[in-house]
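After this come two complexes, each holding chain A, first together with chain B and then together with chain C.
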Partner chain A sequence: MKSNKLNQIILNIFMISLSVFCLIPIWLLFSASLTDDSEIIRNGYSFLPKDISISAYSYLFDGSLGIMNAYGITILVTIIGTVTGLALTAMLAYPLSRFEMPFKNTLAFFIFFTMLFNGGLVPTYLIYTNIFEIKNSLWALIVPSLLMNGYFIILMRTFFATSIPRPLIESAQIDGAKEWKIFYSMIIPLSTPVFGTIGLFYTLLYWNDWNNGLIYITDSHYYSLQNLLNRILQDIQFLQSSTQMGNKGDELVANLPLGSMRMAIACIGIVPLLIAFPFFQRFFVKGLTIGSVKG
Partner chain B sequence: MKNEVAYKSQADHSKMKWTAKLALELRKAKRYRALVFMALPGLLYLLINNYLPMFGVVVAFKNYNFTKGILGSEWIGFENFKYLFATKDAYIITRNTILYNFLFIALTTSAGIGTAIILNEIRKRFLTKMYQTFILLPHLISMVIVAYLVLAFLDVEKGFLNNTLLPMLGIDPISWYSETKYWPWILTLVSLWKGIGNSCIIYFAAIIGIDNEYYEAARIDGANRWRQIWNITIPSIMPYVSIMTLLAIGRIFYSDFGLFYQVPLNSGLLSSVTNTIDTYVFRALMTMGDIGMSSAAGLYQSFVGFILVVVSNAIVSRKNKDNALY
Partner chain C sequence: MRKNALKTVLFAIMALTLVITAACNNGKSGNSDTTSNESGETSSDLKPVNLVVAFPMVTDQKDMELVQNEISKITKEKINATVKLVPIGFGAYSQQKTLMLSSNEQVDLMISGLGTHSQDVAKGLYVELDDLLEKKGKGIKDAFETTIGSDILNAVKIKGKTYGIPVIRNMAQDISILMRKDLVEKYKIDASKIKTLDDLDPIFKIIKENEPNITPIAKSSNSILTVLNGINGELLGDGTGLSNKDPGLKVVNWFETEENAYLLNTVRRWYQAGYIDKDSATSTETGFHLMKAGKAFSYPNLIDPWFNEDSSTGRETVVVHLKSAPIATSSINSFMWSMAKNTVNQERAMMLLELMYTDKDVVNLLNYGIEGKHYVKVSDDIIDFPEGVNASNSSYFPAQVWMFGNSLLSYHLKGEDPEVHVKAAAATKNALKSKVLGFNFDSEPVRTEIAAVTNVMNQYQVALETGMIDPATKVPDFNKQLKAAGMDKIIAEKQKQLDAWAVSNK
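Let's look at the complex of A and B:
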């Protein structure tokens, strides 16, 4: 009995250390964003700053950097992307779950093959920029590479095929319901768990996406939050020049708390996720394990 | 019942001539055109987003000219590939991609299994839940922000290591973003940090799925906790481990672009240890505008990647039909 208790303590100590390992970089980011810049210049970023200051945040929100604009774009793109992505995925997955679907196996292979082979960055880039000309538009943040994922389609099709009783569809057909009506008023309400899980993954994908912006967006008006972060990470002058422009030049370069501002803007990017995570954790875990572990 | 119907229709199918089959499918298409229309937008999207670029890979065999486009540019055969494989880069990017991936797979898998076993031993449910939340957090964070987190530690002037940790140990400041020798360790650590939660959760779910009767029987036979883990838990999750590993090996030719591009801050000085196929293709296209080299490297990746995915999946589907892609 006693050794059992000791075991529990050791196990918990291990898990606490692992949790600390996972959390400590995030802690450093937060404390760095709240450190007064003079202390950062003297002592660098630290876990327990002595001079706490929120000046970095007040500079960020004075409107000049376009953070609000970037935030707006991220939210807009995430909503449109998630809704369209879910709709397209479900509308493709559902017919493929029905044996009445013509050319069912051929179409299933058509989808499946996209998971095996892809053209890669160069042809995709050339086609999207030369034929569809999506460079520097919101389309670039929504359409390429993310909108649909073969894995999501297969996941959803499996759900429709196994979790929705066939007699239900048949009785609706006998009652004279049209296919769209069946899909809309029966299949969707019965499939909320899978919609929740896949919708969550779409949301995270769009919220965290910086790749499309890096490739297709050069105009900073179309930057999403991640693209703005990306730009500032690689080019600190960008932060400097755009903040100064907003302040009409009456602030000296040296006065800008660049060190903490940089970290503050990264904090703004993760705070919504950290707050929301406990609420969607259940769906998230389900999504991670669904394909790999059954039963 | 449903399976029976499907099985029967399949059996009938195989005896039919292809014209009869086609006629049947077309009759179905007429009768169930609503289903066809429903699937149409998604299929169209895949056609444009996935299939068009697949045919676009021919650009690797052409001398691409912006005004002439992919179709109009002249064919030059394997010239681009000859140039690519004549450079030292081709070897470096292949080596980096494969070695890092092997290292990441081995470390993340073993750390994930170990953590999952430990997590399962913890008695208090709310603690289990809380630890899960904490170790999954890194998985949620985008690579751009991960790069900021790493920068907070490694920044040459303001970073935590150079200002606090190294002076404490009496070591001189290190110029992290220009010295290659540290980066294999840094990238591995970041990859482990980001991936351990995901890996742990998958194996934890597998462990939870193990039938409790095995453990009860073992307890009656007097097996202690260690023996139970060694003789029941580990063998029970082994099928999942081998499948997950095989699937990961199938993707070994693809690297995590964000990890290798964002975290080293796109530093040219580090390229010998941070350049992978994905970063090479990106830089050749976006920075140098070299369509020939980037498309050749991209097709090299797609082609070898395709073979690896097909082979690994064939092995997985022989082991367990449910877990393979096909």
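Let's look at the complex of A and C:
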């Protein structure tokens, strides 16, 4: 009894310190976003800003950077991308989990193959821009990530194959249910954990994606939040390491957002995800298959 | 109840999938005919075209489209072409350039150079311009002759052929140290007496002793020496250089030279005396921001020769000119205009380029936007922001005057030196030119060695040039590793190409 309590205390301390280690960087990020720029340069980042300044946020929201537009794009792309990605993944993974499926292994091999090899940047770009013409459109941010992740499909297929008992499907068939009916009346309700997990993966993937934007978007109307942040960082890096511009380079750097601004963008970038995460958590309850198959 | 909800969700998902597929198809058929639907009256016999111009830009300009339409009005009238401007972030520019040019996307004119010009030309990304210049671009040649000199235009030739037109701007720059004016005055420092790096020590000492919170010297770009290296020799890239002592063209390993040893020892001495920040090798803040925040007293930079005091970026500085930097190929070909191989019409693209080098209206539209909306005229050549507008809230103010064609045609912002264009032309024309101006190194034969040497340099160079590590013990290590990485082979190849260039150039 006593040792049990001691264990509890030790575990609690361990977990609390673990959480603190996770929270410290976020707090530092937040506090830096509220610090005055020259203060950061003079004294470095600190946990408690000496003089709080909201100038970074007011600059962000006065519209000259297009932050609000980028925010909207990110949210839209994340929602559409997650929902569509999840639907496509489930509808591909489910047939693959059924042993009656013809050409099952061939299909599975294709999926597995793309996990190891891809076409490379230039050929991929050529296909997407010349054949699908997604350059400078919202599709550029959605389509390339949709089915590109074989890992998600295999994860989902394994879940369907192992966690859903075959007799369950057979019993539904005996009751006269067709494949669609089985899929949406039985499989989906029983698979909320895997839908929740992969949905979360997709959300993170779309929310944090800057690579598609970097490659396919040159029109700033379609910048997502991460694109905007990435572009600012890349521009700063380029200008600071370029020696050929002399004092011209200085003038350009002067126009770019400084430390606290970048922190502020990162801050408003993570907040919606922090809110979304607990929402996903309720799906992580194991599907209630126990008891449905007897004997 | 639960079943119904699921049903709805599922149908929504299906519907979305369908919408996406459909929209993708629409995109496919919808925008292939953008170039052919330009119609309108024109007196010209030229077929109407739409020309795409791509360039790097730091901040997005809200009114880019308005400016684009204004420019199109001018070009429509003069060469019956419309213009589409495609600004791209500096950081993404080189990747975007490769992608756009390797697909069949239409790009007609674009900024080239940025340190990779000879590689890009070797890849065949650009159209050769000599014939076109002769036929349709005479104005560009004249513009060079009447301003900064044709030798600048000729210096960027690769194997005798032109693939890029340098921007007409001031290219003569001095290796300088920028110092905070208030502190210079406070401690009565006579900046005119500073001639060498050694003269800086006593000044840094005063600052260090009296202003404990201010770093005497900060870095510019990667290290303290990035700019100052030019005082003692000419760098040819990849760790090689030409010594100032040697009148000939002998390529040497820059890190084995006495000149570099002197610079490294100076920096080390400054570092040990506390004149350089301890973490400056890893810090990402450069001199400009550090000085603006009041943390640094000075930093080295390349500055226009006639600049003695600078307040353009919101801080008062005194400029100490140490030595004029000879105009080198690398400074000319850092920003050029090239014609992409994907161009739809070479002659028309050249005509548009000519406008960018000769037409004052086009140049100023690109630089400052639309009169009355983005700027107002104070006098003929001097402009100011309209009321309530400034550099940071203007909806069109790219502040990249030095990039759009002939920058000497641009207006002067109020407060700017109105003589600056005359000075720039004269300074560039009469400037000291590098001994190897016009030489372009073809790195292809030693590509693997360059990659290996670059790795070694990344490991040592910044630490040495900010004084973090002791040159007396580390430079021999550094050179040993450079040799192992194939430095000698690079030097031999450079020497070979340079000798061949020198012979053909005589």
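Operating definition for what follows: the second predicted complex is superposed on the first by the 203 of 295 C-alpha atoms of A that agree within 3 Å, B and C clash if a C-alpha of one lies under 4 Å from a C-alpha of the other, contacts with A are read in each partner's own complex, and residues count from 1 in each chain.
Just so it is clear, contacts are C-beta pairs under 8 Å (C-beta built on N, C-alpha and C of every residue); 3 or more make two chains touch, one makes a residue touch a chain.
Computed from a predicted structure; not experimentally measured.
Peer 1: See if chain A has more residues touched by chain B or by chain C, and give me that chain.
Peer 2: Ranking chain B and chain C by residues of chain A touched puts B first.
Peer 1: Figure out whether A:V122 sits in contact with chain B (first) or chain C (second), or with both, or with neither.
Peer 2: It touches chain B and chain C both.
Peer 1: For A:G196, decide between first (touching chain B), second (touching chain C), both and neither.
Peer 2: In the superposition, A:G196 touches no partner, neither chain B nor chain C.
Peer 1: According to the stated criteria, A:Q237 is in contact with first (chain B), second (chain C), both, or neither; which is it?
Peer 2: Once the two structures are laid over each other on A, A:Q237 reaches chain C alone.
Peer 1: Return first, second, both or neither, reflecting whether A:S137 touches chain B, chain C, both chains, or no partner chain.
Peer 2: In the superposition, A:S137 touches chain C alone.
Peer 1: Look at A:P272 in the shared chain and tell me whether it touches chain B only, chain C only, both, or neither; answer first, second, both or neither.
Peer 2: After superposition on chain A, A:P272 lies in contact with neither partner.
Peer 1: In the overlay, answer first, second, both or neither for which of chain B and chain C A:N7 touches.
Peer 2: In the superposition, A:N7 contacts chain B only.
Peer 1: From the superposed pair, tell me which chain A residues show up as contacts to chain B and also as contacts to chain C.
Peer 2: 40-41, 88, 121-122, 125-126, 130, 143, 214-215, 230, 233-234
Peer 1: Under the stated contact criterion, what part of chain A meets chain C in this complex?
Peer 2: Residue positions touching the partner: 37-42, 64, 66, 80, 83-84, 86-88, 121-122, 125-126, 129-135, 137, 139, 142-143, 184-185, 188-189, 214-215, 218, 220, 230-231, 233-235, 237-248, 250-256, 258.
Peer 1: Of all residues in chain C, which touch chain A in the complex?
Peer 2: It is residues 2-3, 6-7, 10, 12-14, 16-17, 20, 23-24, 27-28, 31, 54, 58-60, 62, 86-93, 95-96, 98-99, 102-105, 115, 173, 213, 220-222, 226-227, 284-286, 288-290, 292-295, 301-304, 307, 310, 312-314, 330-331, 334-335, 391-393, 399-400, 402 of chain C that touch chain A.
Peer 1: Would you tell me which residues of chain B are touching chain A in their complex?
Peer 2: Listed in rising order, the residues of chain B that touch chain A are 1-2, 5-6, 9, 25-26, 28-29, 31-32, 34-36, 38-39, 41-43, 45-46, 48-57, 59-60, 64, 69-70, 115, 118-119, 121-123, 127, 130-138, 140-145, 147-153, 155, 157-160, 162-164, 193, 196-198, 201-202, 205-206, 209, 225, 240, 243-244, 257-258, 262, 265-266, 278, 281-282, 285-286, 291, 294-295, 298-299, 301-302, 305-306, 309-310, 322-323, 325-326.
Peer 1: For chain A, which residues count as touching chain B in their complex?
Peer 2: Going by the criterion above, the answer is residues 7-8, 11-12, 14-15, 18-19, 21-23, 25-26, 28-29, 32, 40-41, 43-47, 88-89, 91-92, 94-96, 98-103, 107, 110-112, 114-127, 130, 143-145, 147-148, 153, 166, 178-180, 183, 204, 207-211, 214-215, 226, 229-230, 233-234, 259, 262-263, 266, 269-270, 273-274, 277-278, 281, 284-285, 288-289, 292-295.
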